[in-house]
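Look at the two complexes coming up: subunit A is in both, with subunit B in one and subunit C in the other.
Now for the complex of A and B:
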């Protein structure tokens, strides 16, 4: 199946299909999305009820549909681990503040995880299939798998698939207290050098229009997707990788670029470093989490990056690519894990 | 009454997150729903919460809603009458 179009709001200047040239540099342990002027995409009367994450989700989805020239997809499938945290926080705070009375209806209505998919459906006046997956570090992959199955089983000819997660002040404070993030100031460009515990918080909204048939202007083909949960160790990860590529009929030297999910956490990055010395030793590798930070659906940013690199044929300096200059990127493997628990593999190729 | 109406306009804007709307943009007698400010049924719930939060008034009869929430002036009159009753 084909990735026909994308829409991406991230801590980098990715919205509006701008080429990724220079990295936006952050100091601290939190990267925040660069948001567009939403009024160009959403009716101002409807914006007032949308929290930040809903706006990010709707705008990225609309940009994706606009690029594909599709007014109403056959299905809308979203993935989010945290859901609409800002509204959830507002709703719960009001419950406490007003002793479980006088609850504001808007925050309650908007606090559910499927609000973004539902808002997209409402704006498009679409009654088609609409589903949201909330599976922590597999949320995006589950949505993607659902979209792929809909296409494979001829339930749809095109599917809008997206992943959205936000970081809010309370959630950042809680996760920071749980030592997920680096302590003390660090530049996002230096996270791989710190060799310390923790990563940097991120967020993002990335959407893809998947289609069964080629359009002639697609970004890339999505050849395969595989997830595995809590592998016993490095050897099981290698077995999973070998089995996935064998199933796809692809050898390691067929892969032009591997995008790995290193996030600067000394513990979590060990698996990537081990693979760089073993299975990936002859491959060109790049990382991406210095651009978007770490969050449960960060692999959607990696898919956007992989698809963009395949289509544009460009590897900007911000990706720290060390392979041969001018090399044509025809096949990209993405390997990501979230907290060592949720591991995913995606294979993209040129159309 | 003028002070109460002015307060209500600010509270409505805050409660309903009416971006780009200033208190002076809302007329005292301008209908709040449909053709006026264009509010809808979810906003009606928010206005009920506003009355409870700011004025400790519980709208006991749902049928009174359209009359009470017709405009800023009708809301202010309802609040004044309620406060006089319970003074």
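Now for the complex of A and C:
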């Protein structure tokens, strides 16, 4: 199956299909999405009624559909770990503050996890399949698998798949207290050097149009996807990797680029460092979380990056690529884990 | 890709019973589960009846074998999922690829809303253990870990269709050869967040709900969990009690009319029902019973009824809303009602649509009022 188009709102200037040139630099442990001018994608009257995450989700989805030239996909599948936090927080705070009195329905209605997928369906007036996965670091991968199965089952010829997560002040405060993030000023460009505990918070909205048939202008082929949960140790991770590639009929030497999910957390990055010395020792490796930060659906940013590198053939300096210059990137493996719990492998190749 | 998927086990906990046998007894004897709030601590206690599971968190924790500090949503989920797995009694399950697909609407919100009372005035306050399982997926993982399932785990949240979507996603995982066995369904506990949310929508009935009645006033919220164990044909053949019920059709369609209201034509319901029947290779005339969504709101019942009329007229199956017993359990309702539907098939029984007094004038059919044994 093919990735025909993408739409990506992130802490970098990724919206509008601009090439990734210079990294936007942040100091501090919170990266925020660079929001576009929504008017080209959403009716201004509707923009005002939408929370930030809904706007980001809808705009990335619309950009993706526009690029593919598709008015109504056969299915809309979204993934989000935290859902619409801003509206959840708003309703919850008022409920606590006013002791279950004087509440209005808007925030409650927009707090449900499927609000973004539902809004896209509503704007497109689409009666087609619409589903939302909310499983922490597997949210995007579950949505992607659903889309891939729909294509396999001949239930759909094209599927819009996306992942959206936002940071809000309360969620950042809570996750900070849970010791997820680095303390003190740190540049996002330096997170891999600090060898300290914690990462930097990120967020994003990335959508993909998956199609069964090639269009002649696709980004890449999506050859395979595999997830595994709470592996017992490094040896199980290696077994999972070997089994996945064997099933795909691909050897490590066949892979031109591996995108790994290093996030600067000394503990969490150990497995990537170990693999760089073992299974990945002859591969060219790049990281991506200095660009988008860490969040449960960050792997959607990695898929956007992998697909973009394959199509453009360009590896801008911000990716810290150390392989041979001018090498054609035909096959990309993405390996990501979230908190050591949710591990995912995706394989992309040139069309 | 179209091989049959069998239902090898069922598990349930709801306001009318803590397991399948207790729920069946209540259904046969017309005992509804609504009443005054005892577990949830809400300002609306006196005014809004709810369909609560009749056990405290301490009692649920004991049944579930989980700590009592965990979200009630996880405790309910564990009890019903464990019953379903025990019922399926799949030998050597550890040698099979096993999945857990669970749905819920607000994750560990029952704990988060308590956390927020301390957190809101001071972001350094509030016990983190009360917010650590806020995510919908955390509730699923607590139960998956306790059940020892790890090959494929996911969570779906699409409001009131959540667990129906979870069940058919599970069936598709089997058909796509990703797993051999799936425990699929959903769970939700009552929370102040949800109760107040529905209250602002002004669709909560202050009396016991009367779905498909001309004078219906709204829904009663409920809580619970319901799961089925789905197995491939190959696994079904190895079981001592060979499963007889097949999940043959399913469909997800979007009404795309309004965020909280159904279209007057019931487009979403019509497309989902007709799509599921088509997928199964059956015709509308082959259907013997419809377990209605039947929430009891003005809007739902006329939309759903209109869709049924369009699809089945003039030969109507028997039908009833079991939400007249369990209340609307939101993320659990698809799971609970799937279990009721399996039991109806296995035992040849039809459940009554309780408290139906005046049939809706705009619909040419009337749901069943009495318990029927075929």
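We adopt the following convention: the second predicted complex is superposed on the first by the 351 of 351 C-alpha atoms of A that agree within 3 Å, B and C clash if a C-alpha of one lies under 4 Å from a C-alpha of the other, contacts with A are read in each partner's own complex, and residues count from 1 in each chain.
We take it that contacts are C-beta pairs under 8 Å (C-beta built on N, C-alpha and C of every residue); 3 or more make two chains touch, one makes a residue touch a chain.
Treat the numbers as computed from the prediction; the structure is a model and nothing was measured.
Using the contact criterion defined above for the overlaid structures, shared-chain residue A:272 touches neither subunit B nor subunit C, since it reaches no partner.
By the touch criterion stated above, A:139 is placed in contact with subunit C alone, subunit B being left untouched.
Of the two partner chains, subunit C is the only one that A:122 touches; subunit B does not reach it. Of the two partner chains, neither subunit B nor subunit C is touched by A:301.
Using the contact criterion defined above for the overlaid structures, shared-chain residue A:49 touches subunit B, although it does not reach subunit C. Once the two complexes are overlaid on the shared chain, A:109 sits against subunit B and subunit C alike.
In the superposed model, more residues of subunit A are touched by C than by the other of subunit B and subunit C. Within subunit A, the residues touched by subunit B in the first complex and by subunit C in the second are 101, 103-105, 109.
Put simply, subunit A touches subunit C in their complex at residues 76, 81-83, 91-93, 95-97, 99-101, 103-105, 108-115, 117-119, 121-122, 124-136, 138-139, 142, 145-146, 149, 152-153, 170, 173-174, 177-178, 227, 229-230, 341. Contact residues of subunit C toward subunit A in the complex are 1, 42-44, 105, 107, 112-113, 116-117, 119-120, 123-124, 128, 131-132, 135-138, 140-141, 144-145, 150-159, 165, 169, 172-173, 175-176, 178, 192-193, 196-197, 199-201, 252-260, 267-268, 271.
Residues 15-20, 38, 42, 45-46, 49, 52-53 of subunit B are the ones that touch subunit A when the two sit in their complex. Looking at the complex, you find that subunit A touches subunit B at residues 44-45, 47-49, 98, 101-106, 109.
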